[in-house]
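Comments concern the structure below.
Going in written order, the chains are labelled A, B, C, D, E and F, and every chain counts its residues from 1.
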Amino acid sequence: MNARTLDTEAYFIEREPYYEPTGDEVAVFEAAYRNKLPVLLKGPTGCGKTRFMEYMAWRLKRPLITVSCHDDLTASDLVGRFLVKGGETTWVDGPLTRAVRTGAICYLDEIVEARKDTMVVIHPLADDRRTLPMEKLGLLVEADDRFCLAVSYNPGYQSVLKDLKQSTRQRFVALEFSYPSPELERKIVVTEAGVDAATAEKLVKFAHMTRNLKGSGLEEGASTRLLVHAGKLIAAGIAPITACRTAIAEAITDDAEMLAAVQELSSSLF
Amino acid sequence: MNARTLDTEAYFIEREPYYEPTGDEVAVFEAAYRNKLPVLLKGPTGCGKTRFMEYMAWRLKRPLITVSCHDDLTASDLVGRFLVKGGETTWVDGPLTRAVRTGAICYLDEIVEARKDTMVVIHPLADDRRTLPMEKLGLLVEADDRFCLAVSYNPGYQSVLKDLKQSTRQRFVALEFSYPSPELERKIVVTEAGVDAATAEKLVKFAHMTRNLKGSGLEEGASTRLLVHAGKLIAAGIAPITACRTAIAEAITDDAEMLAAVQELSSSLF
Amino acid sequence: MNARTLDTEAYFIEREPYYEPTGDEVAVFEAAYRNKLPVLLKGPTGCGKTRFMEYMAWRLKRPLITVSCHDDLTASDLVGRFLVKGGETTWVDGPLTRAVRTGAICYLDEIVEARKDTMVVIHPLADDRRTLPMEKLGLLVEADDRFCLAVSYNPGYQSVLKDLKQSTRQRFVALEFSYPSPELERKIVVTEAGVDAATAEKLVKFAHMTRNLKGSGLEEGASTRLLVHAGKLIAAGIAPITACRTAIAEAITDDAEMLAAVQELSSSLF
Amino acid sequence: MNARTLDTEAYFIEREPYYEPTGDEVAVFEAAYRNKLPVLLKGPTGCGKTRFMEYMAWRLKRPLITVSCHDDLTASDLVGRFLVKGGETTWVDGPLTRAVRTGAICYLDEIVEARKDTMVVIHPLADDRRTLPMEKLGLLVEADDRFCLAVSYNPGYQSVLKDLKQSTRQRFVALEFSYPSPELERKIVVTEAGVDAATAEKLVKFAHMTRNLKGSGLEEGASTRLLVHAGKLIAAGIAPITACRTAIAEAITDDAEMLAAVQELSSSLF
Amino acid sequence: MNARTLDTEAYFIEREPYYEPTGDEVAVFEAAYRNKLPVLLKGPTGCGKTRFMEYMAWRLKRPLITVSCHDDLTASDLVGRFLVKGGETTWVDGPLTRAVRTGAICYLDEIVEARKDTMVVIHPLADDRRTLPMEKLGLLVEADDRFCLAVSYNPGYQSVLKDLKQSTRQRFVALEFSYPSPELERKIVVTEAGVDAATAEKLVKFAHMTRNLKGSGLEEGASTRLLVHAGKLIAAGIAPITACRTAIAEAITDDAEMLAAVQELSSSLF
Amino acid sequence: MNARTLDTEAYFIEREPYYEPTGDEVAVFEAAYRNKLPVLLKGPTGCGKTRFMEYMAWRLKRPLITVSCHDDLTASDLVGRFLVKGGETTWVDGPLTRAVRTGAICYLDEIVEARKDTMVVIHPLADDRRTLPMEKLGLLVEADDRFCLAVSYNPGYQSVLKDLKQSTRQRFVALEFSYPSPELERKIVVTEAGVDAATAEKLVKFAHMTRNLKGSGLEEGASTRLLVHAGKLIAAGIAPITACRTAIAEAITDDAEMLAAVQELSSSLF
């Protein structure tokens, strides 16, 4: 077992993560960071938002504290709570508070999934007040100068119920992410999955075919991550068509007709 | 780390906040304050309601206690609760109670987002009784003469479910806020973002274009705050068109067509 | 700070409240009180139901315990609950129980807003049993002979979900409240706001104009309370048209067209 | 203050309640009681179901424990729960358990309002098992031979959501209650309100007029209880028309047209 | 008071229950029991499912632990929970765990009423694993060889929301129950209610008439249990027509027209 | 009673489970396991997904920790929680944490039934981070190299509300399961139920008839498990037609017409 305590030392990214920029996102993030503006990352699943955050944390030499948001994530989960130990009540900081105090980057992944009180607790941190009210402690914490707030969400999923209110989103500098260019994606698959360039090229072509089906029966096309999965299976000796079926086709849809159509596409390539 | 305890000393605004009045709002707020009438601020996000409250708190020399309301904010969060410490139960005042006792200004931001019991707890404070019943303590607290209650909300967002009941709203003097005039907004962008007047003028023009699109595909136009964000990115060396895209366009919409239309507007300006 | 403990001494109304009767409501309330019948007050917001209760409490020389009802008000909030203090569990009476035991008037404001269990807990108090079962204590408390139960609600707001069941309402003597007559309302505005009779007359005329708009775009007309607010702002030096806009028009509606129409009405008067 | 502890002595009805039988309901209830069959009372509000239970309890010389059911009434509220006192956990029987153990009559008023788990907890008590499983105590209690379960509901109110399941209702002997005959109702009003026979006759006529309006704008006609209320106000010197308006008309409807129609009816009588 | 502790001794059925088989249900249940297959009983209310379980428990000489399922029944209610007593936390087995450990028959009555987590907790008990995971204790309990799981539900009541998932139902051997044959039902009524054969015959005829009305205004016909109720009232001296009305007609419907129709049927018989 | 403590020794599969492969599923699972990719099993109930997991756990010589997911399964149920014992608070690892620490296979059965926070807690375990954040402990646990995450669901059941989000499913290698081929299924029934080949063949034919009815009135066809049940009843002496009715037909449907049709099918075979 390998456990790291949550003092922020453990949250520094020690090795440069493998990240290939797709535009001016690094410069904009840095300018926002220097101006103490919070950042919003938008884009589909598996296109590299998390990797980008790891890269920026390494580049800015700040610890990265990531919180995956969900329906039951409350403000207390972020800010902290009292725990009773041996009859004594002691306060335990939540991940957001640790980031605010120590000047870390706090990354709230899929922010719209969180409960509404979570949105509101970040409001005073996401404007020029940069303060975190901790009602239960009776404290108003001013963020460390090096603190940075980043959030992400996937606009393709938003429903009426799960919407980012204008009063929330109009506090952020927003960066849109998308799939990498074919050349870049090929390079990523070769590097990460350990397959040859020809196989990587076919996988990228296959991915593009699925992405063109988005909206015509597919909720979402294959992400770069799935190409890496398929590549790894191929590298491990699995037949390419089986690898495409199990790592890509079955992972993106359950529809029998769509599965048959997608399988035909991969048969035409391999 | 920089933590201020919640004794109200910490809530005094020490330096005059930068606020440019847009009408008679300062005089009306002062008259309401002198007559012990509560105040309701209405208006879109990012148009300066929070800054106005900071300005009035500084002007009236009263501490300002701000509570961002949300779905899970209960009356107890405002009034206070018992906490168990070392086997002993001790009472901890909530932010509203602290304001009531010490004569501070309590500002409930986006009041309609709060739970219904929150609305009701302010009723006896918002008429000529000016009392706060603290059922759990067995106390009926009369508000300090200098106490002031202010609430805000954005009428543009109201749904049937989240409505301010007549029995609540007919207790307040109501002030409507809107975007500043072009000259005033230009002045604000120059002062806050540190860009030259020409750039500020273009940003203000761009903002007006987006505000005209409200209702035709945009939920809300760009706020003054976003202009300041874009200005800061430009001052940090980011190309104006990129700054407009990431600080303004992407922050107000996810719609691909609308983003393209908005980008064309900024291209025509920069 | 000025806190009164909740022993019922503090709930006696010491000075005669300013109340102008509008019909036989005082006689009917007294007859119901003498016959130990509970009373239901119906009527729009701000028309004087709370003031009437203060007046009757003063007249009958009984303490008045008011509870503003809301979505999260439970039977326990009314009856009482166990609190843990220093390892010991002690019972704390709720406001209804205090009224039942000491012979006070318990006034449940906007009863339909409360949770359903609240309705049911008052049933045995609101018929000839006049008992309060306190399940958690194992007690059945007979009400003091001087105890009186009064509840209010605004029929204009009722939805299907928030209805007073026949099994509840057929326990009460019901009094309907409405706005005072013009002469009476003028007198109230002069007395409470400190403006001259001419200004008060114009304000009352303005109120009647808004009340006629009820149902044609206005949810509710201006209450007497709002006239007093506007009068106080005028007495503090605010221009009458500004006072009417901020204290009355903006307080009753957010609709831009309706606001314009209402402003024209006030311009024609002042 | 006058509190009776919940040992069942306090639940014996000491004086014969005033009850006028309307059919064979007394004989059927007694036969069901002797055969240990549970009883279901059906009928509109205020027609005497509660009084009948008091009468039968007096007649059968058994204590009567009444529970008004509501949305938040859980099985634990009926069966009992653990309370922590001074660090020790002690069990406190709920009202149903007390009745089961001591052979009292347990009357669950408006049973369909209770939560579904409440229904189920009475199932093994309402068939020939006559047992109460107390899971939390690890006990299976056999009901005392003198125990009797009675429940009531108003079929006129039932919605799809609040339905008595066949698996519940097919355990009971069911008695339907309705308003008393005119002669009987007149006698009740004279006896209970202390008015003369002529006034009582007019009140009963008035009640019948309202009952004929049921379904044509009135949810429910005036109950016998409301006639007694009006009679008491008249006996206290209130004008009959005012008494009919406040004790009857306003208590059964909020609809302005219906109120006018009902007032015309009372004007034609008094 | 007569309380039996929940050690399983108390759950043995000591006397042979009166049960009349209607087909091969006894043989199938025994074969399923010997093969350690769980059993599902389907059928309308009051047709003898509970009695059958008592009979099989007596026949197989195993204790019978019955749990009536409902909306708020959680997995913890079945498996067990920690209770705090005198500062110490002790584990208390739930009824399912007791049955699993001691080899009893656990009968979950109206299983579809339970919460979904209850369904899932029985899955590993209802296939060839026959294990009960007790996450909170850190134990995986293998069922005693004599343990048997039986569940029941009434297919006539199922809604979309309350459905037995295929992944649950495809674990059980299923037995369908229905009303007994006329001869058998007559015998049951004579034996249980103590009426003569002629009366029993009329009651059975009456029951069949109501069962034919199922779907034409009646949700469910009269169960055998209701015939026994009516028989008992008749044996206690209540007139047969009154007995049919209160024990049968009023117990199965509230509809006035249907009640009249059903009463005519009984008048034609008695 | 036979309880195994939850140290992972107890979770090793000691004997080779009886599993008949249907395709390349064993090779793909092994390749995914070696590449540390999580696996998703899709398919109808009772077709062998659980058995496959037992087989792979035996083959890979890793402990298998299975969690049946349901509506109330929270992240804490998987990760662990604090328990208070004798005044001391101690942490107890949940099943997922035990698997992560000790390098076991964690199998989340019917993952879409779990609450949304459960989905999110597995995200950082299901990509190349392979970490489990334990917020309440202040620990970030890196998974043991031998840890493997597997989840299952039945695509046939998915509703809009219970959907596997693309951001979740695009992390897994997906394997589709279906019913075994006729020869294979016959072999399984003979081996597991102990019937002769002729009976097994008829049962398999019967199963195929029901599977063809899927979508034409049957929600799902008979699973292999049900064939084994019927075979066991037949081996215990129950008539084949009765065995088919109780073990298969009644287990898959409640519809009277469908039951009759299915019974005709079995009559034609036996």
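The working rule: a contact is a pair of C-beta atoms (placed from the backbone, for glycine too) under 8 Å apart; a residue touches a chain by one contact, two chains touch by 3 or more.
If you want to know which protein each chain is, UniProt gives these names: A, B, C, D, E, F = CbbQ/NirQ/NorQ/GpvN family protein.
Keep in mind the model is a prediction, meaning the values are calculated, not measured.
Asker: Find the chain most remote from subunit B, comparing centres computed as mean CA coordinates.
Answerer: Most remote chain from subunit B, centroid-wise, comes out as E.
Asker: Quote the value, from 0 to 180 degrees and to the nearest 5, of the angle by which the CA atoms of subunit A must be rotated to coincide with those of subunit E.
Answerer: In short, 120 degrees.
Asker: Provide the C-alpha centroid distance between subunit A and subunit C, rounded to the nearest whole angstrom.
Answerer: Centre-to-centre distance between subunit A and subunit C: 52 Å.
Asker: Could you tell me the distance, in whole angstrom, between the mean C-alpha positions of subunit A and subunit D?
Answerer: The mean C-alpha positions of subunit A and subunit D differ by 60 Å.
Asker: Taking each chain's centre as the mean position of its Cα atoms, how many Å separate subunit A from subunit F?
Answerer: Measuring from centre to centre gives 30 Å for this pair.
Asker: I need the residues of subunit F touching at least two other chains; which ones are they?
Answerer: In subunit F, residues 84, 87 touch at least two other chains, as defined above.
Asker: What graph shape do the protein chains here make by touch: line, ring, star, complete or other?
Answerer: ring
Asker: Round the ring, from subunit A on through subunit B, what is the full list of chains in order?
Answerer: One full turn from subunit A through subunit B gives A, B, C, D, E, F.
Asker: Given the complex with subunit D, which residues does subunit E contribute to the contact?
Answerer: For subunit E paired with subunit D, touching residues are 1-6, 10, 44-46, 50, 66-73, 77, 83-87, 92, 94-95, 109-110, 113, 154, 157, 219-220, 222-223, 225-226, 229, 232-233, 236-239, 242, 246-247, 250-252, 254.
Asker: For subunit A, which residues are in contact with subunit B within the complex?
Answerer: Residues 24, 27-28, 31-32, 34-35, 37, 40, 42, 74-75, 82, 84, 87-89, 101-102, 115-117, 119-121, 123-124, 127, 133, 135-136, 138-142, 144, 155, 158, 165-167, 169-176.
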